[in-house]
Each structure stands twice: as C-alpha cells, then as structure tokens.
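Read through the structure below, which is laid out as structure tokens, and then see the notes.
For reference, chains read A, B and C in written order, and residue numbers begin at 1 within each chain.
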Amino acid sequence: MTDAALLSLEANKAAGPAPAVVAARGVSLVFEGGGHRVTALAGVDLTIAAGDFVSLIGPSGCGKTTLLRAIADLERPSSGELLVNGMTPSEARKRRSYGYVFQAPALYPWRSVVRNVMLPLEIMGVPRAERLARARHYLDLVGLREFTHKFPWQLSGGMQQRVSIARALAFEPKLLLMDEPFGALDEITRDRLNLHLHELWRRTATTVVFVTHSISEAVFLSTRIVVMSARPGRIVEIIDNDLPVSRDLGLRETPAFLAVARRVREALRAGHSYD
Amino acid sequence: MKRAPLYWATLGLIAATLARWLMSADKIGATLAAALIAVFALFRAMVGFARAEGWFARLATPVIFGLLLLWLWEMLVIGFAVPFVLLPPPSAIARAFANHLALLAQDFAQTYLHAVIAGYALGCGAGFLVALAIDRSPFLKHGLLPMGNMISAMPIVGIAPIMVMWFGFDWPSKAAVVVVMTFFPMLVNTTAGLAEAGTIETDLMRTYAASYGTTLLKLRLPAALPHIFTALKLNSTLALIGAVVAEFFGTPILGMGFRISTEAAKMNLDLVWATITVAALAGSLSFGALALLERLITFWHPSFRGSS
Amino acid sequence: MRRPSERDGATWPVIVVILALIGVWYVGAILLNGPQVREQAAEDASFRDFVVQTWSMERPVLPAPHQIAAELAQSLFTHSVTSPRNLLYHAWVTVSAALAGLGIALALGLLLAVGIVHIRVLDRSLMPWVIASQTVPVLAIAPMVVVVLGNLGITGLLPKAAISGYLAFFPITVGMVKGLRAPDPLQIDLLRTYDARPWQILSLLRFPASLGFLFPSLRVAMTLALVGAIVAELPTGAQAGLGARLLAGSYYGQTIQIWAALFMAAVTSMLGLAAVSLTEALVAQRRGGRL
C-alpha cells in the first residue's frame, strides 16, 4: 500500500513552506437575526498545509462547524481574510476544489448507491463510462462493492456514511471537509470507520479538515489538532500531533497517545469548555 | 391459510344465488330459508377473513361485503316490490347497461375523454409551470399561495355557467371548469413539494457549484414528486366531478352529467344508475392507475417502504 | 449570513397580488366586452367613452368589479334580509342545508370511525369502501337523490342536507379513523398497565389525540357540504339558494347576477372555513394552544 500521505508530508518538510491549502487570518463571523448578534468566530488565524489532517475540536458553539462552512463557502466571513488554494472560498467552490461530508449521509433516496456516488461527476460533466468506473472504484475503496445497486435506505447508518465519503472522494478533490461524519454512529462502528478513514487518507494524500466532538477520534486521526472554545468562537491552541503517521487502533492505549489526549483536554479546560 | 372462511363464502354465494332464483319462482318459504343461510354464511366468511392475514383475506372481506350489499339490494327491492322510480334493482341496472351501451360510450367520450382529459392535462400542467415560475420569487409565493389555498376551498363548480357563456355549450366550457378546479391544488402542492429538499442536500449541491437548473432537475423535482402525486390523485377526482357537475348547468344533448340530470327528471333511474356506475368506474380506475404510477416512480418514499 | 425568515411580511404580497388581480380584471373586462360595445357604439365615440362603456354594460361578458360590488350592495342592503331579492336569504338557505348535512355527517362519521377502530370486521369490510368512494364523483348522484326524494314527498332542506351529509361523511370518517389510531402504541400500553377499559382508552387517549386530525377533515367536509348543497339546488329548478340563483342567472343571461351569486358563495365558504378554524382555535386554547 502506497503511503502517499507519508511521502507527501515528507516532501512538504523537504521543500519548505508550500502554498497553504487553507489560510485564515483574523477571520470573524457574526450572525445577525431576530434582534440577536451571535459572534460565531472571533479573529481566527489558521494555516493548513497540503497533506495535513487537521481536526477542529471544541464544545458546542465554539464555531468549528462555522469555520468549516466558511471554508466551503456555505457561510461568508464578516471580516478577515480567508483563502482556499490561494483563492477566495467562492472561487474555490466554483472550481470544485473540495469534497464535503455532512453529519448526515444526505444520500438521495431515489438513486441507487452507485448513482449517488456518481452525482457530483454527473454535475461536473464527466462522461458516463468514466463516471461508472470511478464510482465503482471508490465504492470498492470504502468496502461497499456488493452494495452497488442497493438503495440508501437498505443500508445501515454506517454504510450510508461510507457511501457519502466515497461520493466526496469520487471527483478526487485535493481537500476534504468533514463535519462530524461519524457522530450519529455507535462506538464500535465509529472505531472501524476511523481506521478506514485513516487508511484512505494515507493512500490518497488528501488534505482533510475534520470537525469532531471526540478527543480520542481527533488524536487518532490528525496530524494537527485545533482546540476551540465558545463565546466567542476562537482558537485556544493548535497542537502538533507527533504520533507516527502509520496508526492502528491499538495505538490508543499507548502512553504517547494518552499524553496528546491530555494536552487536548487541558487546552479545552483552558478554554472553559467544561464550565 | 385457513380454509374455513373460503368454504363459508362459497356456501354463502351459492345460497344467495339460490335465494334469488327461488324468489323469481315465487317460493317464499324456500327463499327465506336460503336467504338466511346466505346471510349467516357470508357473515361467518367476513369475520373469518377479517381475522386472517395475507393479501387474499384483506381483499376478500370488502369484496364479500360489497357483494352482500348488492345482493341485499336486489332481494329487498324485488321482494318488497319497491317502485322502479324509487330504486331499481341491480339486475335492471345491468340490463340498462347492456341496452344502452352505445349511448353510455358516447357520454363517456364526451365527458371523460374530452372534457376531463383536456382539462386535467391543461390544469395540472399550468399549475406545475406556474409553480416553477414563482419558485424563485418568495414575494410571489407569499402572495399567490394563500389565494390558491382559499380558492381551492371555494365551490369552483359555480363558474360553470360563466364558462358556458365564454366557451359555448359544448365540452370546452366543461374542460375550462376542470382547468380552474385542478390548477390550484397542483400549484399549492408543487410549491410545497419544491420546499421538501433538505437543507443538507441543498448545501451539498452548493458545494458542487451546481446551477439552479441542475439543482432543480437532480434534487428538488425528484424530492417534490410525492407532493405532486398527491395533487395528481386529488385532481383526478376533482376533474371528474367538475366535468359532470358542470354539465348540470346545461350542455348539448351528450355527456354523463347531462344524461344523469335529464334521465333522472324522466324517471329512467336504471339508466341514471348505469351512468353513475360508469362514472364511478372511471373515477376509481383513474385514481388506481395514478396510485400505481406513484408506487412505481416514488418507490423510495418512506410511505411505501412499509415502515409502519 | 442568514436568510430572512420565510414568514416575514406575508400580508403585503397578498395585497399586491389582489390589487394586480383587480387590475387585470378591469383590463379583461375591456377586452371581453369590447366587441359588443363596438357593435353598439356610435362611430365617433372616444376611447375613454369606449372604456367606460365596457365597464357599464347591462349584460357584459365579463362584469367589472365595481358592477359586481354594486349588485351585491343593492341586493344585500336595499332589501330586507328575509326577502328573496336579498342574496343573504339565498345564502342562508344553502348554508342551513349544508350545516344540517355536516351535522349528520359528523355524528355518523364519528360513530363509524369508533366502530372501525374497535371492531376488526368493520375495519376490513367497510374502510376500503369508504376510501374507495372518495375517488368516485359522488356529486353525480345529486340529481337522482333530489328527484327520488321528491317523489317520496320529501323536498326542501332534507334532500340537500342528505347530499351534503353524504359528501361530508367520507373525509370526516377517514380523518377520524386516522386520528383515533394516531396515538403511539407506547401510550396505549401505558393505559393497559392501569387496567383501563377500551372505552376509557377511547375517551382519555384516542379521542383527544384525534382532534388534530378532525379539524383539517372538517375543513374539507365543510367545503364539500357547501358544494353539495349548491349542486343539489340545480336539478329541480329550486327557487331559493345560491345554486338556484346561479342557475337562474344563467337561464336569463343575467351575468352580473351570476357573478354576484358566485362571490356570495365564495364568501360563504370562506366564512364557513373561518368558523371551523375559530372552533379549532377555541378548542386548542384549552390545551395550551396546539392540537
């Protein structure tokens, strides 16, 4: 198995500072409506390099989902500078630079599994034969080859979410944005999918921004962990995860893992997340 | 499957036929005996089927009930010599059906094939297109939808005399009534359906930088289909009612509504019932066909997945 | 960046649409009445005269809104309420038949719904027919019912009430059956742990839970009852009632009369629906505002 991620990260270190995939400087976002002003993000500074797996973690209301949506051009910052691949998020979106995975699978029930994965390819005008080949390839990658012609409601929650990931990867974006994709699943399924996602990342060398509530999930998956806190939404600390790039589930009991988890917890406490 | 209800049903049907035959042979005592056996057996059959499961049992109960009613109708009307001008027996209606087949067919063509089909297609089509047209304007939606709901609740059939004045006595004026009756339910339901697409699914389309048209075609219209079918089914009933009732207001010498109102005045109740039967069949078959189409096309909707 | 709420300012667009509709109506009157006016008009009539003429014809193809309003005013305010020249009298004739029918339908529908929910044979044998009958143009029966009952010497309100009741019966029954079956099986299980009898489950749980389904069905039933009463007035050339007025207007070519009667019918049905909604609001109030 090619460790594309490992190679990519090493190449980054060797080549020196490369153009950031995501560059945020002083990004603020204020929601106005119904007489209320909610500061979802206050002065966020963040740089994400190619090949990074960055987790955004924090309590409810800390702005992690808002930040993700701002990168995706689903929300617009009120102030500050936000660049994706050196362009505005709007331009990046129009160039289809990223894949988005939501908290719910959001599959279309009138389409079979394979046609769901082909949806973005259809919209982007990829010819039929290639669409089918690519969809089949990514369904295979997420381990759902036997379910190609089933319908979403015939699959379990975890399987549906895997289809959603295959769909996000189908047009091979360099950037993957994931909003608590495994939040609705039970712990055992979650562990399996975490491992799966980790291996996928290593094979495809995609840059991933991953929003989560779970400390162990963040530590297991990421190369960097961004701890945020609420009221107003801001970054408390960015923790570099020095664990080896090649990981399996057994890693989670090692002292090194627990040390990183402890740092994350302390950062959360510092941000008053437990108050 | 338990056999008992089936045997009771067979016994009941045989006894019922026997009773009818005995009645026309004037054997009162035997008739009564056979009738009692028939009623008892058919009731046992119904109760038995009602307790059973499976598609056959589910179908059998209402069918037996319907047959029982028809038979009772026949027996009581003939047995008590109810005047023909009050209530003709089913056998007389069947005879009228056979005798006037050509006439009934012509009426059917005039009312259903012309007025209903044309009006339905135009009304539903217009409602759908207008819903698409106002889709991008919340202002127009807020203005038109309350009115649409209001008008759907009014006795629209009343515009029939005005349509006659504008479009003449023949079927176009009836079609016009149908158009007005079917337009608003289609408009309201299509708009409601277009709002069904979830926020997440719509956001997904945005991340693909999909155009308005692509989002409409690939997401919002398929998601709207359940609501659209609700309107299509409702409109099939409304269209038939509209066309028939519009003919009560005046029509050339043809049409189901015309036939019903004039033959009722002439006391030819058997022909009236025959026409009503044609109308009932047309209505239920149209609805059934649409329901079948709905099942084929929106097979994915939770209501068809037997989740309850 | 939040989108503004969908319900903000729903009244303004409605007003604009209504005004636009009235405007289109006036233009339509000009277009539709034009040919007739042109035939009768003098050769040198100015455009302004022409337009005014199209809006004040005696038997227009499309009466202008103010003509209809004038006819309504004349009918409602210059005659006593009990006179057959007053549209209110006709409206009352129709409404009383519809209400009577609605009452019968409500009583029978409730009774049948309770029976269907509790007795399996009734459910399996009757319910499919109740549902199927909604696809049948029941209104087509109206002339026959009126004629037959007339032969039996039953005229006036009763045949109309019969037809209205028959039409209203089906949505009420279907709605009530759905409503009585609406409670979660968990709720029914809870009552069973209290050893509650079926009639107690009915009165304590099923019936209150069904009100949310009853009122939408009542709205549909009210509309159908009114239509039924109007249509029932057509076959025998009845003298009173909104349907009779519609028919009379169409026989004698009195267009404005037809439109006035139509308008009255529309207002009546709106008032009927408002009455149902008001009742619903009153009932809901005693339950915290929502059914």
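Just so it is clear, contacts are C-beta pairs under 8 Å (C-beta built on N, C-alpha and C of every residue); 3 or more make two chains touch, one makes a residue touch a chain.
Given the structure is predicted, the values throughout are model-derived calculations rather than measurements.
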| item | value |
| --- | --- |
| Remotest chain, chain B as reference, centres from CA atoms | A |
| Interface with the most contact pairs, given as the two chains involved | B-C |
| Rounded Å distance, chain A centre to chain C centre (Cα mean) | 56 |
| Intercentroid distance (Cα basis), chain C paired with chain B, Å | 20 |
| Chain centre separation (chain A, chain B; CA means) in Å | 53 |
| Where chain A touches two or more other chains at once, by residue number | none |
| Chain C - residues contacting chain B, complex | 6, 9-10, 13-14, 16-18, 32, 61, 120-121, 123-129, 132, 134-144, 146-148, 151-152, 219, 223, 226-227, 230-231, 234-235, 242-243, 246-247, 249-250, 255, 258-259, 261-262, 265-266, 269-270, 273 |
| List of chain B residues in touch with chain C within their complex | 46-47, 49-51, 58, 61-62, 64-66, 85-87, 138-144, 146-147, 150, 153-155, 157-159, 161-162, 164-166, 236-237, 240-241, 244-245, 248-250, 256-257, 260-261, 264-265, 267, 269, 272-273, 275-276, 279-280, 283-284, 286-288 |
| Contact set on chain B toward chain A in their complex | 198, 200-201, 203-210, 214, 218-219, 222, 225, 298, 300-302, 305 |
| Residues on chain A engaged by chain B in the complex (per definition of touch) | 72-74, 93-96, 98-100, 102-104, 106, 108-110, 119-120, 122-124, 151, 153 |
